[in-house]
Structure formats: structure tokens, C-alpha cells
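Can you read through this structure? Questions will come right after.
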Amino acid sequence: MGNTRVICAATIEDRVPPWMRGRGAGWITAEYAMLPSATPERNQRESVRGRLGGRTHEIQRLIGRALRAVVNLDRLGERTVLVDCDVIGADGGTRTASITGAWIALAIALRKHFDPGNAASWPLVRQIAAVSVGVVDGTTLLDLPYEEDSRAEVDMNVAMTDAGGFVELQGTAEREPFTREQLDAMLGLAERGIRELFALQRQALG
Amino acid sequence: MGNTRVICAATIEDRVPPWMRGRGAGWITAEYAMLPSATPERNQRESVRGRLGGRTHEIQRLIGRALRAVVNLDRLGERTVLVDCDVIGADGGTRTASITGAWIALAIALRKHFDPGNAASWPLVRQIAAVSVGVVDGTTLLDLPYEEDSRAEVDMNVAMTDAGGFVELQGTAEREPFTREQLDAMLGLAERGIRELFALQRQALG
Amino acid sequence: MGNTRVICAATIEDRVPPWMRGRGAGWITAEYAMLPSATPERNQRESVRGRLGGRTHEIQRLIGRALRAVVNLDRLGERTVLVDCDVIGADGGTRTASITGAWIALAIALRKHFDPGNAASWPLVRQIAAVSVGVVDGTTLLDLPYEEDSRAEVDMNVAMTDAGGFVELQGTAEREPFTREQLDAMLGLAERGIRELFALQRQALG
Amino acid sequence: MGNTRVICAATIEDRVPPWMRGRGAGWITAEYAMLPSATPERNQRESVRGRLGGRTHEIQRLIGRALRAVVNLDRLGERTVLVDCDVIGADGGTRTASITGAWIALAIALRKHFDPGNAASWPLVRQIAAVSVGVVDGTTLLDLPYEEDSRAEVDMNVAMTDAGGFVELQGTAEREPFTREQLDAMLGLAERGIRELFALQRQALG
Amino acid sequence: MGNTRVICAATIEDRVPPWMRGRGAGWITAEYAMLPSATPERNQRESVRGRLGGRTHEIQRLIGRALRAVVNLDRLGERTVLVDCDVIGADGGTRTASITGAWIALAIALRKHFDPGNAASWPLVRQIAAVSVGVVDGTTLLDLPYEEDSRAEVDMNVAMTDAGGFVELQGTAEREPFTREQLDAMLGLAERGIRELFALQRQALG
Amino acid sequence: MGNTRVICAATIEDRVPPWMRGRGAGWITAEYAMLPSATPERNQRESVRGRLGGRTHEIQRLIGRALRAVVNLDRLGERTVLVDCDVIGADGGTRTASITGAWIALAIALRKHFDPGNAASWPLVRQIAAVSVGVVDGTTLLDLPYEEDSRAEVDMNVAMTDAGGFVELQGTAEREPFTREQLDAMLGLAERGIRELFALQRQALG
């Protein structure tokens, strides 16, 4: 996604978190990290600080929720999919790029356990992809690189399924509150961007 | 807010975080916690676990961002306002109740340092309040208690200023993706709820 | 207790610590914390520091020991009572107020599992309450508020049962060592104060 | 002290904790640890668990308070004495043995900075020593070894200065509350034991 | 290095560790990590475990020592070079690959501050590279991939400078102790392998 | 070993780490620590810092590997030997002294479970001991005390079995890379030193 590069990998384990045991259903969880060299200014390694920061927690929870929204957890059985998103180049939009890429990694990993041709048992019921949109100098823009992102008035992340519904909507006014009209413009732009990503996801899976 | 009860307090300190020094501007940050006895099932103390969970980090960052959106940080000078939101009763909507209550605590604390009658120097330029809205069994509802919240199809938190703009919009499809129509219905309902809270905030300040 | 206010809650869990398993007896443990806003100067949250301080550990152990002294652990069966004492206002004597209040919370929680009318099986065999006493400017005083406590020559915490025996005695000479006569005066004063608390505890239980 | 063996060392540093700076006075603090091999059953290393337990915190605070009670902190100047008590053999009474031994280490360390012959400037104004006493099978006993300590009805630690005053008194009823008479008997026994320790301390200093 | 792939980056900061201040000399330190997806079996993220493991510490110290051996720290001035080695593919020999790659990253970073053409001030006085050698089924082998490494009788890491001297020698008998003859054979093989790496390093720098 | 003094103890537990279960074989692991007072300058306690440093991890892993090399883990059965090495006096060579002393503690502990006279079942198949050697001012020296160690050009730790093979070889050029000739001289000297230690180990076991 531009200069933003994320290595996404999915691992399937034959166990579920303690509070899920015995229900016959599965779970999906995500971990997100950045290499120290991913940003222009080196960022400190969280393993060295000894704990995950608030931003990392927030992004991990977002990725996990987004993926769970397009998986039939009952079909997964008592399995956990652990998705790793490791950013090796960061130029804005790393969380939305992670969701989009994680969906591909998830699909590849599930193919080893399930038959995608069997519509009754294939757990990945929908595509999901995400983009960031924002308002910069009064203009609504798609997929802001870091330089524009840092001076945006509004920053919004949108995740949608290929059925056209919203799964996540996270909008923050960095400087000025935003109006209903601006919201509508951003959502329209996001939807167009996400449609392109669905095509790229299908292409990546061959 | 119903059976949700939050003790909000604001402390003003004469220093700013290292990365803010020398700019002449202030900062606002928040801490959020729940008493173990606040929930029907006792919840584990984070001081005992030795670290803040992802949910706590997410909420603290949300409260801080929301408050900063209505404060003129330059007028604050090189001071930090540390807002504590401690939930002693939790029945849904603790994060939005925290934002609404924290604004009152912030106003009271600022009055000791600034004159609210002096429009040129009073730092609290707007009111902010927040509500949760959701879709339960296909119906759009305001301020879901815990029992309804846990079976909502969509859960959305909305923070607005008294000028009518959005500051935060966080919508998550828990079961089914939501449509643009549902979004519009939720935003309308949220706006009406928030207007009532603005009146209650002014009343609390006398 | 004056301006000292503590929320006490007791939770009964159907398991015991690993080293207690298989003995048929129960256990009682306590957690103690202070809201940052409980003290005139905001105190830092231990969940943020990432670990419990020495003072917290000391108080938690004291509360647990005191309560266990008046409970027949065999009658409790393989259950753990976890007592939470959360200080929302601190004006001296928070640890003794916690013991006194925790006994009430314990009694209420036990009533849901045991019949207080059945003397052979009711586990709460005695009342326990505690006070602080001290020597300030040569005078022996009961229940020192923070301002006096901080300039006390001697600070002593006393926990007694309603049978009149001592369960805990913790006396510390802050400035000058204390004599046997001063000790006797403090113990006499403590005993009178504790008798009043027994009456208040019974009243709270109705 | 019987089979209880503690290596005590005192280090003087030319700085004080942040909250003591600029007052011209010093501070004394203690650290306490046990070798894993000190107890019959190997005990887990706290550095491996990653944090100090409640018992360690409690003992460290006790040792520090006891030593500060016999030192003129103003004469110390802006210096910190850090006392290390490392138990290499544990057979009951490790905290009281630590106090008694730490006083000797403290005296030796202070001699390198101050002249003990100069009564106006020598900071160590008193001796302090401590013993444990207890009630076992109804009998009051001095300095309980581990085997007796573990079945004691009452366990009490007493620290006194050579002027005869109490500095610390920590009594806990492990099984049965104790009476005023038992308390008096224990204090008398403790005082006799402590007098012997004062002689041994002086002997150790030559 | 075969299927072992390491992203190496070097960052120069204008400060030194506290214990180096005021000496006019610099320092070099290294951090090493593995992506969870780098190994065939996913490996747990150290930021999630909350602390660096023993193996990571050992490797970081090794990389730092090796690089410091070929840098004139006085010429560096009061600067710290922080080298990051992030393994994205692990198939044996990740620590030696890190040293070899880190040297290249170090050279590139130093070029931005120093002139490599000025022999009197250029701080990178030598090349350093490292390989692993081992004995598998009685045969001495260079650069063991993971599959062979795991059944090696001896595992040895060798770091040398282009002047031919040893900087690090770490040999471990995994199954059978090794003889002086085997040691000589391994060192000869290592030296030939390292000479090839020196050529590749120069080629990478153009 | 000169002024270096280490308390070594071995504890046998009837369980193995999770990844060893069900194989019928045992494991040996080591913990290493230093008393704060062991060094001329007080060293900070790792339990206080809240985590083990890199050097400690490195040494613990070294001791464990060295001991495992001379034990038949199958004969040990599903048991773990936990070896504690606590340095109470540090004057160079604490890690090699720990290996040598730990072997004696291991032998004593094993005698309580196994018959050393039964060659077919006695798990301790070899002796192991270790020394440090170094080059100081161009001269090869055995067992460097701290003062010489800190200005050594090369520092090497060697662990050998009584069959004459190398188990660990860790050489580091602190200032100047070392040549093959220097390596040979150090290994010869180390071997002579280790032979003396084997005799002392046997003597200690009587």
C-alpha cells in the first residue's frame, strides 16, 4: 500500500482460549508490531519496553474484530487463528493495510484445513478490506500517507465487507469536529477504495 | 447514567510530557479503571495483573482525545490535566459516561486556575458529551444497559460538541455489518441524547 | 470513619489456592487500593506503575490475616473469599477502616451461602474490628486523621475480636521509642474505640 | 542466631531519594532476600518471578524503619545508607536477626565517614536489636526456630533500643487471639533477649 | 544466507549511555528479534511475553561486542550506534548472519556522518563477518541449516576481522565433547567461509 | 577460587519442563545470582530491577549446558535438577567457578537418589570443570582476578570433561583480535588448570 509494507501471516492452532472451550466454535486473534526501522525516526521496540503500548493494543483488537466479522466461527471448530501483522515499512494506514493483508493470509491458511469449494463448510464467508480516509485542507482524501495524515483535520478508518456493509467505522476529529456532510463524503470515497482492494485480494489468491 | 456510576476527577500539574516542553501549550490525558466490585461478576484488578489491558488503553486514549478536542491547549499554558475516571458501578456505556463526567470535572478544575468569565483566556471552548447507541433485534436504541449491549448487532459510541460536530465516531458490527441507513438512524438518536447531556452538564456546574 | 471512606466488597469463589487443595478448608484473601483522587495530593495508580507497592502488600496481608482469625475455615469448605477494599476518601486509618468494613462485607456475602442462625455451621465465629491509636504531642489519641497522623510520635494499629483478645498489634515509633506505660494507655483507648465499632457493625447488618 | 544466618552489609551513597533532596538530611533503606537454598524446601528466587513478594516488602520496610529510629538523619547529611540483608540459612526469626545484624553493618559503614568518638556528630545515637517471641502450646518462648514457629499460637516481633523503649511491636494471633497478660509475658521475655543481643553487638564491633 | 533472512539497520544517536558520558568516545549496541512467522513453527513474540529471553540477550550482546571490535570508538565521538537485526526468515545461523549484515548497515550509517576516504577519522577500521560451523555425523560442515544444526554434535560460531584475527569463538558440544583436532578443522573451514563474506560485504557497499 | 566464593546447591524435583514430558528423560537447569555486597562496588539486585539482565541469562544457560553434557539424562528419569549458584564474593571467574562447584553440588544431590557404585544406572557419567584464561599485556594467564580481567586483551572460558574433550569454549577479544597461536597457548594453560580442579572436586566428595 504505497510505502506502507506489512508482512501478514496466519497460524491455525488446535485450541481455543479458556473462555471458549467446549462450545465447538473457534476464535481469531491478531498481533501487530512495527520493526524499529519501519519509521523514518527509529521507533522503540515494545519487547524492550517490556509491554505493549496503548496504540498496539487498540490496533490488535481492531484487526481481530474485523476478521471475526467475516468468518463463521462455528465452522472453524475449536481452533484459534493467530494472525501476525508485522510492519516493515510505515507510511500511514498501517492498521487498514494490516486488515486487508491479514484477510489474504487468513484465506491461505484456511485452505490447508478446509475446502473453499464447499460452500457449506468453508468458514470464510465474506471478504473484508479497509482504508483510511481523511480531510486535509478541507479536501476529502483516500489513503493518506504519513505526511498528509499528520496534518489531517479528520482521520477515519473504514472496514467493509464485499456485501457492502460497514464492520468498523472509527473517525476522529484531530483539529475540527466534522459535519454529517463531511462524513458522507468520506464514506463514499472509502467505499470506492475498498472495492479496488477486494479485486486485489482475489488476484493475490489466484 | 442509569446504574453506571463513574467517579471523575481532574488534577492540574505544572508540567507537560517531555515531547511537549518548550511549546508553551498544555496537554490533557486520562486514566480509566474499574473497581473489581463494579461488575456483577467480579473483574480482576489491573494492578494485580501487573499491566493495563488493551480495553483500558483504548478507553483512556478515547477520553483524552475527546477532551483535548474542546480545550484550547495554548491557553492552558505548560500544564497537564490528568483526568481520572474510576467506574464504581458498570451497567454499559462506561466509556461514554466517563467522557461526559470528565468534562464536568475538567471544568471545575480549570475554574481554580482560569476565569470562565474571560472569553479570551478561558481554555474550555466547548462542551463535549458522549453516548452509546446500538441496534438490538433490528431496533435502534440509545444508551444500552449491559444486558442489551451484550446482544446488540451494532455498538456505536458517539462524542459531539455543543456546536454540533462529531469528535469521535466508533461503530462496530458485532454480528451483522450495518448499512448507511442504520448509521443515519443511530447518529440521529445519538445527537438527541447528547443534547440532553449538555443540559445536565451545565446544571452540574451550577 | 470521618473523612475516610472505603468501599468493601466480598466475593466467594468455589476454589482455593493450589497449596490448600484437598484439605476441605477455605481461605480468605484481600486486595486493597486507593483511587488516585482519594488523597489531597493525587496518588499514582498502581496499575500504571505496573506493580503493587510495599505498603499495599503490607495492608492486604494484614486485612486477610485479621479476617481469617474470626472465620472457621473448615466450615467454609473449599471456597475462597476475596475481599476488596477500595479507598475513595483517605484521611488516616484506611487500613483499620478496611478491616472493620470488610467484616461487614464478609458477613453479607456469607449469608448467601450459609445460615447465620445455625451456630454449628455458620463460619463467621467472631466479630473483628480495628482502630488506629497514636501519641501526638505526648497525648494518646484515638483514630488519628491524616494531619495528626503525620506528626504522631507513635502510630499503632490494633485489631480485636468481640471476645476481647488481640488479633493484630502493630506499633511503630515514628520519632521517639515508646514506653510500656504509653503502650498500656494506647491499648486501653483502642479497646474502647473498637467496642463502639462492634455496635456499628451489628447495626449495619440489621 | 541458631541456624538462621544472614549476611548484612551497608553501603553509603552520596545521594538521597528525590523527595528528600535539599533538606540536608539523610535516609536509610533496606533490601532483604533469601537464597533459594536457605530453606529446607527450596524457595523460588524473586528475581525469577520478576517481582518482590508482599512478605519481602513488609520485611524491608520494617528493617529500614527500625534502623532510622536510632540514627540522627540530620547528622548523616544528604547520604543514603542502603542495607542489604541476605539470608543464607533460614530457621525462624530472619527478620529480627536481620535488624540485629544490620545495626552492626551500619555501625561499621558509618565509621568510615564519621568519628564514633565525637558525640556531637556521630549519627548512630542508639543501639537497636530485635527478637521474636511467641506462644507455643500455652508457653511463652523466645526466638522460635522454624519448627516451633509454624505451630505457634501467637507470633510477635519486638525491636527495642538500648534506652529501653519500643521501636516496633508486631504481634499476630495465628490461631487464638492473645490476652493482655500474654502480651506482658512476651514483652518481658523479649526485653531480656534483646539485652543479650546488645552485648553481642558491642562485642562484634570490638 | 540461504533461507535465513535478516533486516539490519543502524541508527546513530547523539548521546551515549550514562556510564560513558564525558569520555568523548562512542558506543555500539544491538537489538535482535525474530518475527513470529520467521520459523516453521510460529515462535512467540517477546513483546507479548513482556520480556526478552535469555537467548535474545545472549545474541544481542554478541552482535554488539563483535561490531565494537572493529570500530574506533574515540573517532565516533559521543554517539551511540543502535543496530537492529530483525530476522524475517530463520533457517540456522541467524546470529552470525546478523553480525555480517549489521556490519554493512553500520558502514552505510557511518557514511552519512564520516568520510570513508579520510583514513585518519573514518571510525570503521576493519571488516568483521561471522559464520557457524559444526560437526554433523562426524563431518565438519560450514553454515548449517536448521535441519542439520539440530542434530549437530558440535556447534560453533566464529567471528573474524579481515586482518585474520578471531574476535569471537563460541563452541558448544551438544552431544559429544570435541577434540583439539576437530576444533582445528572447524576453524579452518570457518576462515574460508568468512573470507567469502568479506567480498560480499564490499560488493554490497558498492 | 581465590576471593571468588559461590554457594552452589542442587535440588531434584519430580517433574520436567512441559516440552520434555513423556520422554522418560530428565533435565538440568541453573540459576545464577550475585549478592549486592559480592562486588567492591555494590551491584543492584535483579529482583529489584524486576528482571534478569542479559549477563545473568547468558551465565545460567552456560552452566546448564555444561552440566547436561556430563549427565545421562535418560538415567535421570523424568526429574529436573535445579542448580543454584549464588556468588557471595566476586573476584573474576564467577561463571567458571560456578560450573566447577555446581558439579559437586550435583553429585551430592544425585547420591540421594542413585547409587554411585552402580555404573549402569549412575547418571553422572563424567566430571566437568571450567577455568578462565586470558591474555594480559601479551602474557597468557590462568584464572584472572577482577583487576587483571578488566584489562585483559582476550578473555576465554573453557569447560572440559575428565575425558579431555571440550564442552564449552567462549573466547572474546576485548581489545585486539587473537591469533591461532594465542588460542593454542590459552587452551594448553586451561587444560592444566582444569586437571587440578578435577582432583579438588573428587576430594570434596570424599
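Labels for the chains are A, B, C, D, E and F, by order of writing; each one numbers its residues from 1.
Criterion: a contact is a pair of C-beta atoms (placed from the backbone, for glycine too) under 8 Å apart; a residue touches a chain by one contact, two chains touch by 3 or more.
These figures come from a predicted structure and were not determined experimentally.
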item: Chain-contact steps, minimal, separating chain F from chain C; value: 2
item: Identity of the chain that, by mean CA position, is farthest from chain E; value: C
item: C-D, E-F or D-F - pair sharing over half of the A-E contact pairs; value: D-F
item: Rotation, 0 to 180 degrees and nearest 5, that superposes chain B on copy chain D via CA atoms; value: 120
item: Rounded Å distance, chain A centre to chain F centre (Cα mean); value: 49
item: Centre distance in Å when chain C and chain E are each reduced to the mean of their C-alpha atoms; value: 57
item: Whole-Å gap separating chain B and chain C, where each centre is the average of the chain's CA atoms; value: 35
item: Multi-chain contact residues (two or more partners), chain C; value: 50-52
item: Chain contact topology (line, ring, star, complete or other); value: ring
item: Going from chain B towards chain C, every chain in order around the ring; value: B, C, D, F, E, A
item: Parts of chain E lying in touch with chain F, wherever the complex brings them together; value: 51-55, 57-58, 60-61, 65, 69, 156, 160-161, 163-173, 176-180, 183, 187
item: Chain B partner contacts - residues on chain C that touch it in the complex; value: 7, 9, 11, 31, 33, 35-37, 42, 45-52, 56, 82, 84, 86, 88
